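Several structures are given next for inspection.
In the two complexes that follow, chain A is the common piece, with chain B as its partner first and chain C second.
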Partner chain A sequence: MTLNRHLTGWLMALPLTAVLAVFLVLPIIMIVVVSFWGATEWSIYPAFQFDNYEFLLTSNVTYRVYFNTLKYAVITWAFTLIIGFTVAYFLAFHVRTLTWQIALFLLCTIPFWTSNIIRMISWIPFLGRNGLANSALMSWGVIDEPLDWLLFSDFSVILAFVHLYTLFMVVPIFNTMMRIDKSLIEAASDAGASAWQTLWHVIVPLTKPGIMIGTIFVVTLVMGDFITVRFMSGSQKANVGRLISNDIALLQYPSASATAVILLITVLMVIGLMLRFVDIRKEL
Partner chain B sequence: MTTISKVRYSRRSLLKTGGAALAAAALPAPMVWGQETKNITLRQFGTGVSNLNEVANKVKEDLGFNLEMTALDSDSVTQRAATQPDSFDIADIEYWICKKVWPTGNLQAMDTSKIANYDKIVGIFRSGKLTPESVIAQGTAPHSVGFTDGPGGRSFADNESGWMTLIPTIYNADTLGIRPDLIGRPIRNWSELLNPEFKGKASILDISSIGIMDMAMVVESMGEYTYPDKGNMTKEEIDMTIGIFTEAKRAGQFRAFWKSFDESVNLMASGEVVIQSMWSPAITAVRSRGIPCVYQPLEEGYRSWGGGIGLSASLSGMELDAAYEYINWYLSGWVGGFLMRQGYYSAVPETSKNFMSENEWGYWFEGKPATDVITNPFGDPLAQAGEVRDGGSFYDRMGAVACWNAVMDENQYMVRKWNEFVAA
Partner chain C sequence: MEPRRPAFYILSAFFGLFLVFLYGPTFTIAILSFQGPQGGLTFPMRGVSMHWFYDLFEQQAVGDIWGSFRRSFVLGLMVMVTTVVVSVLGGLAFRKRFAGSSIVFYLIITSLVIPSILISLGVGLIFSQSGLRVHWATSGFGSQLTWTLPFGLLIMFAVFNRFDKSYEEAARDLGASPWQTIRYVVLPIIAPSLIGVALFGFTLSYDEFARTLLTAGSYNTLPLEIFGMTTNVTTPVIFALGTMTTVFSFLVIGVFLLTVWFLGKRRAKHGSDAGKGMM
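On to the complex of A and B.
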């Protein structure tokens, strides 16, 4: 009987295991293997050499690019967290009826009806030298010369990231906030806590799992991105994703694989670190 | 149409026609299929410049078979030609791409005796010389990678061997594009690209094999260095060239880099950029929006490029015959005229003349003042009566080519350095 139950358990886990093995584990193994291969201009050949890693790890451009990638991730995270938390807080605690909560929540998702790339590219004419933002600011007399740093700069890259990924913060935080027992807040208020004290000592600790899930979403999305950085910086800035995409475009698959392996390790380390702070499983 | 009816069986036609074809193959009787060409579809891919739906429509009209077009950027084209040989029948690629892709064996050599207008193809693609007196420019000149030894050849032949790697279709002399209204003074040299006057308003294209040649033109023009051969730099020369541009990039010289044709048009038309590397039809695209834009001839000469059609190695039988039919049609003038009216040149200019008005031929090819409004093939006006093409006649422009887009011996090193430049 127990054996049978074990068997059923294994069988039930089998489909997912198989899918993950074929579509996740196998490709990653392949990438690791290829990262040791060599490349000519038009082909790759099996080998076991450390050239790709050597070139990658000894170039100071690599470190600059990694720094840039982390910088984008941290700044984007900070902004999406502040905006996401505020929006979720408003929805969860200030909107009284469930109907309105759902309606307003759906409103947040409307921009997602169009593609990621279109939402991003639509910033370009807005922020350009002769774009809407600059001409508006000039007609108000705020500035005399158009601001060049609005477009094709770190500013525009981060703006696009925040715009694209804030919802990934809103959803999990809103979700955990909705599950907070309202009587806890009443209790805090009865015990004489101010609104800020309630927020900091009751709500924030209880929303930690949601914040962490949102953080993982945002950080992995930003660290793996290449297209936003390419378009919003006019190819002037780089992150690790762009290094990989450039390598692929130039048929340097082994070098791209090596970069991907290092990126994967970095992202896993970052997530591992974050999970040390909050045990998501326990909190859920 | 004659060649197609000599029925030979390719794997694909067998699959299509199934048992009937099998039976027919077993019985060596002469066969004529009336509707056969209608079922043929050739899949062509290439850069946006010549992958135009108008061409596909005209093929259907004139030759009866279908041509599927896919337009990609230069890097994707190289990637696809090198790694997915079964995904295309016809590769419309540039000669420098050919230098990379040909050794993979994904393309097959073409028999020049089957090309009706072969003798009329411009000298650049055969002997390498535009006129008998011409000096061959530096870089990957088309004739140097245009021929191979025989049907199975994997290397390049240094003479007109009768087997071509690519059939030349389109080419041009490139230079910098400028916004004269925003610059307000004459531009004469490549070095202006790095002039601090245009800080934050310059752009260069992010395609390494082309960009490095633009860089080399700039470096020579600045008087920093004279290359023994721009088209085949040493590692030190690559470091030096990219170093100069990395410094300029960090100083904020560039507004953006562009990779596709449309990006270059938008950068220029929006005024984000006032001077940049550019392609001829991008200039006409900016102009047709009513924005002044000049393809500025420069004292140091042009950076030139050429494209051609290559056939997939897996193409055989009726499809192969159709492909030859297509190539002969391509060189017979209609496409040439269509392309020349956008500012490119055709490999067989004299056949294109029949498909252009005297005014158009005079303006685009002979460098004469227009006698009437010049429009592009889509009807947008590009020049008024009395205007002259930037750079003048065909022989003035193609005769002033200083280098060709190139793939160097140190290409892999260059590519890595280029990647660093983009990331710097």
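On to the complex of A and C.
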């Protein structure tokens, strides 16, 4: 009977495992292998050398780029958390009927199902030298000449990240909040807690798993990104993803692979650390 | 009901601003795509016209937009069907522990958090080193599945976490075979969530960029085509294209949501079918 149970489980998980084996595990193995290869200007050749890693780990650029990547991740995380938590809190505890909750929640999630690239492009008419933001600020007399740092800067990169990824905070936090037993809130207020105390001492601790899941999404999306940084900084800023994509563009696959291996290790370490605080399967 | 506290109004305002932040830019490019023929990428509007939409239909004006749209659409459907089938099977498998289930679970998580460009790079390398040609329907298709499947599975896990097992026990007690239980009891109950999985499968594939970048081969999907345009097109035609694909996305989302709503309505109308069994 137990053999039978394992067998049906395996059979049903087989298509899934097959896809992940071919398109996830094999590519990772391939990247690890190629990261030890060598490259000429136009081709790559099998080898077993540590040159790529040596170059990577001794270069100043690597550390600067890593610092930049972490900076983007931390700042984006802070903003998405604050905005996402507030929005989810409003939906879960201040909107009173389920119909409205679902309707407003859907309104928040719809952009997730539209194109990221289009949503990035949409910022250009806002932030450019002659964009809406600059003309509005000038007509109000706040500034005399257009601000240059609105577009193609750290500011626009982080703005786009927050714009694209706040949903990844809203959804899991809202999900955990909706599962909080409302009688706990009542108990807190019966015991004399103010709304603020209830929020801080009851709701926030109970929402931690949702916050963790949202954090995992946002941090990995920002750390692995290359396109938002390239597009919103006008190729003036770098992160690890861009390092990889630049190497790819130059056909330097071995060095791209070495960078990719280190990025993957970093991301998995961060996630591993977070998974210690939350059991994802229980929280869905 | 207790009266609204001031916090409610502050939070409502915050929520309103959030929606403006979320949708504002999209609406701006929608307006700008009606820019007059002499107009540029930003305000002011120099007249109102459909000029840039006509441009999209002109052959070779801006690359192979309609071909890439067709490919993205077909690929989206392929990914959608595969995601639904594989996620349901996977979800059913994970209801009971089987040897190796935690390894598969961690693979799913890895698939979700791995930077997309690594999939692109790795799959691209495998195909090029083994002498295969990358193509959107093979390597591109598989790479996109590594993005859509984790979402499908997470939804299935959430669904089965809330699934009341007594329905199945009742079916078993009435003499249903395991297959009958799944076909006539489990699947109808989870059907609405499957529409959700399908929505994720289609739209995530339709908009997928990074994982398809090195795996689509010489025929671009729509997001790749749009990305190519961002580097060399400096007219509002790109806004027109953006508006068109966003409208298309809205239509797709609308169809899915309507289907869910319609199913719920029909189910409510039919009510319980107790006593109307096959006997």
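The working rule: the second predicted complex is superposed on the first by the 258 of 284 C-alpha atoms of A that agree within 3 Å, B and C clash if a C-alpha of one lies under 4 Å from a C-alpha of the other, contacts with A are read in each partner's own complex, and residues count from 1 in each chain.
Here is the rule we use: contacts are C-beta pairs under 8 Å (C-beta built on N, C-alpha and C of every residue); 3 or more make two chains touch, one makes a residue touch a chain.
The structure presented is a predicted model; accordingly, all values stated were derived computationally and were not measured.
Looking at the shared chain after the overlay, A:N130 reaches both chain B and chain C. Put chain B and chain C next to each other and count what each touches on chain A; the higher total goes to C. By the document's definition of touching, of the two partners only chain B reaches A:G234; chain C does not. By the touch criterion defined above, A:Y89 reaches chain C but does not reach chain B.
When both complexes are overlaid on chain A, the residue A:R276 reaches neither chain B nor chain C. Of the two partner chains placed by the overlay, neither chain B nor chain C lies in contact with A:K182. Of the two partner chains, chain C is the only one that A:L20 touches; chain B does not reach it. Looking at the shared chain after the overlay, A:L243 reaches chain B, while chain C stays out of its contact range.
Once the two complexes are overlaid on the shared chain, A:R64 sits against chain B while remaining clear of chain C. Overlap of the chain B and chain C interfaces on chain A comprises residues 124-125, 128, 130-131, 248. Every residue of chain A that touches chain C in the complex is listed here, in rising order: 5-6, 8-17, 19-20, 22-28, 30-31, 34, 83, 86-87, 89-91, 94, 96, 104, 106-108, 110-111, 113-119, 121-126, 128, 130-132, 135, 163, 166, 195, 216, 220, 223-227, 231, 241, 244-245, 248, 253, 256-257, 260, 263-264, 267-268, 271, 275, 280-282, 284.
On the side of chain C, the complex with chain A involves touching residues 1, 5, 7-8, 11-12, 14-15, 18-19, 21-26, 28-29, 32, 41-43, 85-87, 89-90, 92-94, 96-101, 104-105, 107-119, 121-123, 125-126, 129, 142-143, 145-146, 149, 153-154, 157-158, 161, 199-200, 203-204, 206-207, 209-210, 214, 223, 226-227, 230, 238-239, 242, 245-246, 249-250, 252-253, 257.
Residues 39-43, 55, 59, 61, 64-65, 124-125, 128-131, 148, 151-152, 233-236, 238, 242-243, 246-252, 255 of chain A touch chain B in their complex.
Taken in their complex, chain B has these residues touching chain A: 75-76, 78-79, 82-83, 100-101, 103-104, 200, 203, 206, 208, 249, 254-259, 266-267, 270-272, 407, 411-412, 415-416, 418-420, 422-424.
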